[in-house]
Structure formats: C-alpha cells, structure tokens
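Shown below is the structure under consideration.
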C-alpha cells in the first residue's frame, strides 16, 4: 500500500553525507506532505559497485549503477539528484537536462562561474521543455528561516540596515585531520567559502530580498599542510594516513558587503571556530525591528518589535506551530524538528513545483548568482580586500 | 532492495499522534542503524475502515484491519505496537502476549495499577517463552537524557541531593478547547499526571537510578467544563462542537518526593503553563556537580563540574557527537535531531533486544512502577497532600 | 557641598555582608534619587570596638559604638538599621521603636512567629506616633521583579494558575565548610528556609498579589556535622577550625502551596544546588500569558503574551529603560544594574515614605506573614508533609 | 571618619553621563578596595555655573568652577578627570599635564591622530616627572573581560585564529531623535566608530594581546538629517526642537582586520541595531579552545575547552568568585555587578598605579594606537574599503 500520487522516479548520484540526507527526504516526504507526485527511489549511482550496493541497501534504493551517463539517459528515470563533489556537478547536470530529466543539484552549483553559467543556460533551455531544475540551498527550508523571510516580506522589520551572517564550524581545527576532498580546490572549488559561505550568503539574500552589490573580503588557510586521508571518509569525519599534502582551499573567509537596498552586511564562514559545530547565525536589524536566527536553536526565531515600546524585547518564537512554514505536516507545537527535515521540505517543494509545472526555487540562476558572489569574494581576498562590484 | 536483516512483521494499533511517530520509526530505523531484524510495516489496525486505510497509505503500512483481536492472532505478525488510548492497553497487550507476540505499549502502561499488575505478570510469563515486551517511555531515547544517565552512572555528579523535574505544556489553556479523550478519565486514566507526569517521573528514575520512596502531591483542574469535541481531532489539536461536558482528569499535578538514596525531589506536570509548549526540564544537583536537561534545547546537556574550581560553570554539551548515545547513526556534530528521533531510537533498542533474545528496557515492570507512583500521587492529592509511601 | 534634603541620621547595627550592602545604599541613594531626606551615616554599632571602627572607616560611618541600647536612645539618631543575625532582631527593633526611631530590619523579621508578632504589634503602635518600620525584602527592589508585579497588576497574564519559585545556592556543598552562624538554629532561626526561602515566598506574594493559604513541605539537612569556624568569617565565606559541631538548621526546603486566588505553587530553597550560585527564579503562568524572572539575568524579564498567536514567544524585556521601576535614576538603556542596587532602591523607598509620612512596604506585618509561612513549612516538614493551613 | 589613605584631590571636568559614572567611582572606590590614596571629590568644572552647582550637589563634589584652565593650575588639585566631548580633550589634557597633574581622559583619547600624538608626547614627558595619565577604556575593567584576557595569556585557547567583535546599540534608530553632540563631527570626532567602535577595538587588542596590522572598512550614515536638539540632553537621551541639521558622523562601521599574530578579525559598531541596547560581544577562537563575552550578560564568560573531548561545550563561568579580577572587593558569588562598577575598578587601578609610582594602563600611547586604528578605518571607508596598513 502506498500513497496515491503518481510516481516520480529518482536517480541519485553520490551517497555520502548528502546522499544519506537526500535519501531520508525521498523516503519520507510523501508520508508527511500530501503530494501529487510520489518519489520512487529508483537508482543509486556511484563509481564503486560494491559500496554503492551497500549504500542502496542501507538507504533503500531499488537499483544501483556505476555509470551515471547511462542512468541519466534511462527512460525510467524522471529526476536526477546530484550529490557529488562540485567538480562533477556541471557535467552531470548538463547531461541530465539534455536528456530531459528534472535536476536537483547540491550547492554550490558548480566550482566556477563559467560552469554555473553553462548550467544555468541549459536549465533555461530545458525549462522551455518543461524540465525543472533546482539547487540545494537546503537551509532555506528551515522553518524558522522561512518564517524570517515571510516576516521581512510582511514589513515586520521595516527597512533593513544591517545584515549579519555567520556560518561557523570547527571540524578541521585539529592539524592532523586529513586532506579530504573538501580541502582540495580541484574537487571542492573552494573551502569554507563555497561549502558553508555559500549557504549563509544565499540565506541572507533569501531572507532579506536584498541583493549584494559589492564585497570586500579576506580569506585564510590556517593549516596549510595536512596528512593524506587514510580511509574513504564520509561526511565531515575521516582519519589520516601516510604522507601529507597541501591544503588548496580557504579555511575561513570574512566579508563586508553592501546591498541594493542600502544595508551594510558582514559575513563569516570558517571551519576554525573551535566549539562552534554548525553555528549558522543570521540577524537583520531594520527601522521597525529585528529578526535573528541561530541554527543551534533551529526551531526558534527571535523577533524584536520596536513598536512594543518599553515592553519590547527579543521574542523567542517557537517555530513549531502548525501555521508556520512546513509545520502543518509535523508534530504538535514544541516538538521540534532536526537537521534532516530541511531536506524533506526541499523534496516537497521540488515535487510540488514539478507537479504544478512551475519553476522550483532556488533555480540554477540563483545558484549562479551565489557563484558570482563567491567569485567576487575570492577576487577581493586575492587583491587585499579591494572592493568588487557584483 | 532492502537491508539484509531478517524481517520482523509489525502490526500497529492506533494511528493518531503516536501512530504517526511510531510509523516514522518503523519506516526508518534500519536505514540508520545496523540491525539483525528489519521491521516490516505489515498491518495497521483501527476501528474505522476508511480512516485506517487512508492512514496506512499515508504512513506506508502494507495492510489494514479493523479487528485487533484477529490481528494479534495472525501467524504473520511478530510484534504488536499499541498506540491506543490507555483504556485499551491492558486488553490488547494481554491478548498479544498470550498469542506469543512481542509487545510495544505506549505509556502510561495502563489506566490503573491493577491493569498494570496483570500486564506485568503476563509479560513475565511470556518472557519465559521468549516473548519480549516494552513500554514506550520514549524520552529515555533523547540522546542528551541517555548521556545524562550515563554521566550520573559514571559518578560525575557524585551523590545526588536534588532532583527537579518539570513537564510543562499549554495546549488546553483556552477554555474553549474541547473535551478530547485525553481529558476524560475513562479513556486516559488521568490528565497531565499520566500523560506527561509519567514521562518526567520515569525520566527522573531512569537518569538518577534512584527510586522514589514517598510523595506528597496536589492536583488541580482549572477548567472544569469544556465544549464537546466537534471533530475527530488528532494529536493535541481539535475544535469544539455543540454542548459541553465535564473534564474528569487533572490539568496539573505538583509533587514533592524523596528517594531511596536520600534525594529531595520536586515534580510538576501541567497543561496550563502558558507559553511552554513542551518544556521538559530535569536537573540533578550532586556532591560533585550538576546536570540539567531541557527538551526545548533537546540536543544539549548542561554539566557543572565542581572540581573545575573558579573556572567552573554550566557547560553546554552539544549532544551530537558520534560517541554520544545513538549519535553514531546520524549526522555530523552540530546537526541536531528532532522529536521523532526518540521513536527511531526506541525501535532500534527494541529490535536489538529481540534479536539478542534479551529483555528490552523499560519493561512492563518499569511501567507498573510508574503506575504505582501515579496512583500514589493521586492518592496524596486526594488526601490533602498526605504523604504516601511507594 | 551636599544635596539639599533634610538630614536623616542613621545608626546601623551589624557590619558584615548586609552591613556592607546597606552602607552602599545609605552612601549613594541621594546621589541618584531626588529625596527630601538625605541619609547621614551617623553611627555604626558592633560588639567589637576595634572591628567596628575599622568597618566604619571602610564604609564611611561618622561614629562607632559598641552598645546598641545606648545608640537607639540617642536624640541625634532618627533611624535604626538592623543588620544583625535574626536572634537579636526583636530585642533591638522593640527598643528602637519604643525610642521613637524609624526601623529598617533585615529579613527574616525574627526567628519565631512570637517575636514577629510582638514586633508587629510594636510597629503598629509606633506607627500611630509617626514612627515608620520596614522589613528588608530587598529583592522586591530588583527592577525586573517590580515590573513583573506591575504587569501582573495590569492584568497582563490574566488569572494566575501556576507559581514556580526557586532560590538555589551552593555555598555549603563542601562538607568542610564550617559551622557559621547561619547554620545554627539559635542564631539564624532556620537555614535555607528563612535565609533564602523567605525571599522567594515574599517575592511570590509580592509579584502575584496572591496569598498562600496552605503548604506541604519537606526539609533536609544533607551534611549534619561540620567543622567549627576557625575565623570570624563574613558574608557567605569562612574557613574551618578545630573540632566539629552539629548543623541545627535545614540545608534545603521544598514546598507545595495553594493560594487564595486558586493557583498551585511550588517553592524550593536550597544551599546544595551545586553550580547555582544565587539563582532566584520566579515564574507565573496565567490565562493570558506568563512572566518569568531569573536573578542570574537580573536586568531582564521574560513575558509571554498569548494574544500574539503564532508570533508569540517569551520576550526578553531588558529592564533598563528609564520608564521601568527605579530606572529613571540610572544609566542609559542596556547598561545594567547589579545586586547592590536593590539596597539603594530599598533606601530610596524607605526615605520617600518617611518624608511623605506614609507607611513603607513591606511592613513588619508583611514580615510576620512570611514568618508564619516559614513556621507552617517547618511544621509540615516535621509532620511528613502534612498540609498546614496558613 | 574616613579611610586612612592619603588624600588625592580630584577635579572633574564635565558632568553628563560620563561625569555621573566617574563620580560614582570616586565616591565609592575606597569603600571597597584598600587603597593608599583616597580620592577627594574636590572640584567639579562646567561652563554653566548654575548647572554645575546642581550637579556637584547631586554627585557630592565639594566645590565647583566654570574655568577649567584655572582649576588645572590649582595647587590643591592632584588629578584632572576629563569627561568632556572629544573636541576639548587635547587642550585640557595638555594643560593639566603641563601643570603636573595626573590625568584621566575619557575615550576616544582625541578627535584626531594629530591631537592624540601631541597628548601622548606630553604624557611621555610628564611621566618623567612622575605625572601619570590614563585613557578611559572602562570596559577593560569588566571582570569577565579581564578574566578573558588572563585566560588568553595563560594559553587556555592556544593560538587565536578568529576575533569577532560587535558593539551594537539602537538609541538613534528613531529618525526624530535629535542632532545631539555625539552626532556632530566637530564635537565627537566620529560617530559609532569613535564612541563605541573604539571600545571594541581596544577590548579586542586588550584581551588577545594581538595588534591589528591592517583594516578594510565601510561606514554608513543611515539618517542624514535630524531635528536640532530642543534641550540640553544628557547621556544618550534627548528630545527634538525646531529645525533640522545634518548628521556629520557615521551611524555604523563594519571592519575586516588582520593581526600581527595571524588572526582574522571582524568588527562592527552601530547605533542602528534595533533592539540591541548595549550589546558588546567579543569572541576568540583558538587552536585549543574559545572564549566569548557578551556585555548583556556581563557577569559571565563562556569558555570552550577542546581538550574536554566529547564532554566539551561552552562553559558559562559566573565571573563573581572572589578569585576573579576585582571580585575580592564585592559580594558573594552569584551576586552580580553592574555597568558602573567598571568605573570603580578603573579608579582603583589608577589610584593604585599613582600610589605605586607606576604607569597606569591603558596609557595615552594606547589611546593613540586606537586613534590610529579609527583613522585607518575612516580612510578605508572613504576609499571603497581599500586595505589600510596600521
């Protein structure tokens, strides 16, 4: 017995950290949200036949394959979900779009602006044929961030003057942590900047509706040489092997920015904020109030309403009410969600858009926009923080 | 393609709030935890054929049935999961155990001590035949509470002098909220006391290892007459219909207690703590330190270590490290879990125990013990807080 | 050059922790608040001539004396400020009132209800002669608690159903901490109960306007034998000397209560809450909202407004606005106050009342009321938590 | 009766917000700290004879004067305390130093680097004659910040990689707030930058021991025209009068920086962070741990110790223990201090240094250093965030 929606057959490429999170989404989204399209976990793709079979058994995919090129051409695949490192995003996405498959691509969209431009152009063309594409800025689907955007759009904070964004992690503070792919420029494109800076830049624009018009930035690689990885390693954990190699990406990036609507902004993305495991902070201060979000308390949103006079203060809204974004599907108020739910919500929005024959958001064009911001940050950082118009 | 564990066929009775949470557990547990037994969502049981079919489609159960008596006898059912109101727990559990099925029973175990005693005796007998039973004190599976227990057991806080437990909700503050089954003594046994007080009493004993030896208590029903429910209502939400009825359970209970190891304890369970959606607080103060948990920040545990001298303070441990209880299965550090994960962990522990031919915990005897505490609280409350030995 | 108010000459008896705090108040109150009466720090009284002279030099008192009986009779003394242990409150206050001196007496008012009754009767008689008296429940003068009372009185939280009060300290967790006077019943009357429990009981009634009508309680002395004190010791610090003695007061008290307006209440006072240095928590939940205070964040008040619907949440009001109680005298918003300011505010309220020929609050009658509550708690605790009407 | 230290006669110039805070310090410092030198509040100086007399009466100064030039020459004045707007700092300080008076000068030291250089040179010369000078970076005297510095110096956090400093206020969010002197460049030198940015830059260098070597910055004036002030206005409050004028200072400044020890830093100072009354945040992340301070919780310090492994977390140290900086003088643990205590501590350190014939810290040279940082920030902001070496 399954839900009655039409099936939408998904092929997913990659099965590490993001693959696990996406699998959880495909497996459960239709169990909570009423959908016209029901995802089928059709094919899992990876280079290592044995490993991909084990992953498919674990995650619940019906089939496996090792050649993504063949899979994206299959008639019985409707959507390609790209969970690989950034260096393969463009090639896979272009092939999938050309084959008429809907595409969900993990962020950052690509490793270069040129790739992202090509992907965006292809997505535009595919769109004319009813093929949908989306980039995986999953944090947009944290209910509290979605509510924050909604409240900004309602005018609750008035004109925004300040944007303050932080994405702080600490998983490579130990200099013995090995040189995994996320620390290699050819695989990952950049370091903290593209991996987590991309999220906070996207979140800032998503929430405020402002567009960043210029940046000044600095980046740093604190640990320049690391042990080569001794194991496959998945997610954000690994152990060191023999020999060392050079870290070719940034460990941290700090950014000043201005927006088209007159706000001053600061951003920071780092993997060296000891003790901050996955701290994503976004605060906006406006003429009528402020809003502040912290992923460490992901089920809450702080709101300051200037109009409340001497009874004002930051109000901790428990974003668990059925009237809050995505919450109609879940538990009673106060029974919070976790990290993985953002992926369920992402799948829901994508499936709903495909069913409605509408473009899902964020589009590849949105991904390209962030790519350009990342490039501007790198350029500024390489030029002693010289201002870069975007 | 599925995981390779032997199948364990589950029949679940009830499909409201708890049914949804348990379904999520059965659907996903083997996708994260390596298990010898893989649950199969075989049969969903409910009185209303149409409603149960819809629920089964939504949650992903293979079959439905309306007669639980027939289902618990079925050869192709291995485990019966009881998610009904408390007035039917005993009857179903006794039948299931008699039929040789493993049983998972929601808390509180029963509506009376007598029922709980009968169930516990039956479970003891069934156990001799290799039949396992467990009561669903799911909050034991919050990783932070499991870590709290572990740290107490390690002696981290020394001799515990104070236990402070709160379970605060506010979903019936509105006097127009209707008279749902949870507000009716014949269905629910008691009100805040059995529904949420049971959890905090169990959590306190689970974490500390102490046993409560006596209580003094008061209970109150603040809103004594409510509209009759106008809809089926599920979970903790409903709307009022025509006419009113009398609330026959407590809205709130406050308790003083002493333990066998010399601690003073206070407990409070209420549905009238306006603004506290699902606040579960447990703090213990010992001779060497303290530990404090708050479900509103469920991925954290506070620890005070007296030995740290003038550098001491409450340390907020982010209970998201792979070495923390249950966390080896989930996301990188800092990517927190939500409410429903407690049910996944519960399913994991139950399946592991069945596979290992061991008794899962908490047992029906543990459920009976809480039932006796609840009875003592009610007796004291009915006798002007007179002390009740337990 | 001094402020222009008429002088009011103060004699203070006792010069330890409370003496230092009161001195700070008398020295500064008129520098911040416009007052008709300007306190003069006239005479400091203590048994040890040398020690009292040193204290007077430190604190800024003009004269010293060793015989309080002579001092309370002096023509050039207008107000007697009693900062001694509880066993001498009654004797000194009665003499001072008889001599026509205004009296400020530290809490608890006395060591027994009988003493408190005699003091209250004397205060009533003195009042007819224009002599004012006040008991030092200084926490009433925390601006956030004063605002909390004001908001309750405005009806902001509606009908209060729950009161939750904690006063947690940990300064005697170490069993080697010596047997100071606060641990001796003949000096202190009781332990945590009278020392800090008195504050939280008073704060609860002050804020809510409710009157406690009955209590059930338990008390405990966790460490029954302690080293005799090796030094004079002041405040809450001391070191041990030779030999040991028996602790004759409670270390902790837990209380259930009901109020005349239908609320259920819980209270706890302890010196064994490891890591909680001076945690005073008061929360009330009402039909329209909630208010919560925590002295560890003394410049804030939490307010939940049910009417805000799905944008509701606990609002952290920074109680530092000039329109908040007592704040017109201090610093710009956000520049918080400290512990000692409560004594400045207490002095201000007392001086203003004397100048206005009005009765200051809390009166000796208020102190007596708390004394009766303390006695009821002790009685209940001595009778296995049997309910005591108050 | 006074304390027995030798008197040190103070003349204070200015009597608004800072004058009130400094008066509180001079009045009380010797009542808490044992000092060889006892301050005498000798002369208060202001241009308006009547207003200064009223202020002196309120604050407790013995005499008043309107001509600061005469006062700094007086034989019976030992120390000149400069609490005027920045445009007069240089002139007064130079005259006072020339007259051989010790000088305490509010921050920022001056309105220009040139003035600050002249003052620093004069201070150096005066020092040879035993004349001491100090600049009033009072937040260094918050016990938690002093402890933070001490812990960094002990190596507790290892090599610091990140510094994050915020000073957020909101007192001019209302566009009708008038054009007080702090919003005029000729009086105040700069806006948020010099007023509060100076504090956070100084605090960052004070705590870390790092020296900022370069900056990129942007500043903004969000409200460019404001009502002229209708009253004298003091502190951070005022009301508008007739007509409007142009705001000639920055409302906000954002800064990227690098330090001589390899850290990346970000700073922000703003008066437009709606709801943030006086939020001063300083966080450092190092190779062994992190420390974080927030003035809104000024009696606490957060410490993360990487060595604690999976029991690590941010520890909230209650900086109220007698062994913590400045705390030996105050109340028992947990009885927190307020904003004004920083000035008492500043007076204590200055008086102790003068008595010991040592140079107090921060010196005028330290003030000059911050002045250069402020100038570099302004220069960068005026050149599209171009990097400025310092």
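When the chains are written out, they are named A, B, C and D in that same order, and each has its own residue count from 1.
In this text, contacts are C-beta pairs under 8 Å (C-beta built on N, C-alpha and C of every residue); 3 or more make two chains touch, one makes a residue touch a chain.
Computed from a predicted model, the values in this text were never measured in an experiment.
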Can you check which chain pair, A-C or A-B, has more C-beta pairs in contact?
A-B
Could you tell me which chain lies farthest from chain D when each chain's centre is the average position of its Cα atoms?
B
Cα centroid separation between chain A and chain C, in whole Å?
54
When the centre of a chain is set as the mean of its C-alpha atoms, what distance in Å lies between chain A and chain D?
42
From the mean C-alpha coordinate of chain A to that of chain B, what's the distance rounded to whole Å?
35
Could you pull out the residues of chain A that touch at least 2 other chains?
276, 312-314, 318
Complex contacts: residues of chain D adjacent to chain C:
1-4, 17, 21, 23-24, 27-28, 31, 53, 56-64, 169, 171, 235-237, 276-279, 296-299, 318, 320, 322, 331-341
Taking the touch rule as given, give the residues of chain B at its contact with chain D in the complex, in rising order.
300, 303, 308, 310-318, 321, 323-324
Quick check: in the complex, which residue numbers of chain D touch chain A?
157, 161-162, 164, 166, 168, 170, 173, 216-218, 220, 222, 252, 254-256, 258, 262, 264-266, 268, 270, 272-276, 285-290, 304, 306, 312-314, 384-387
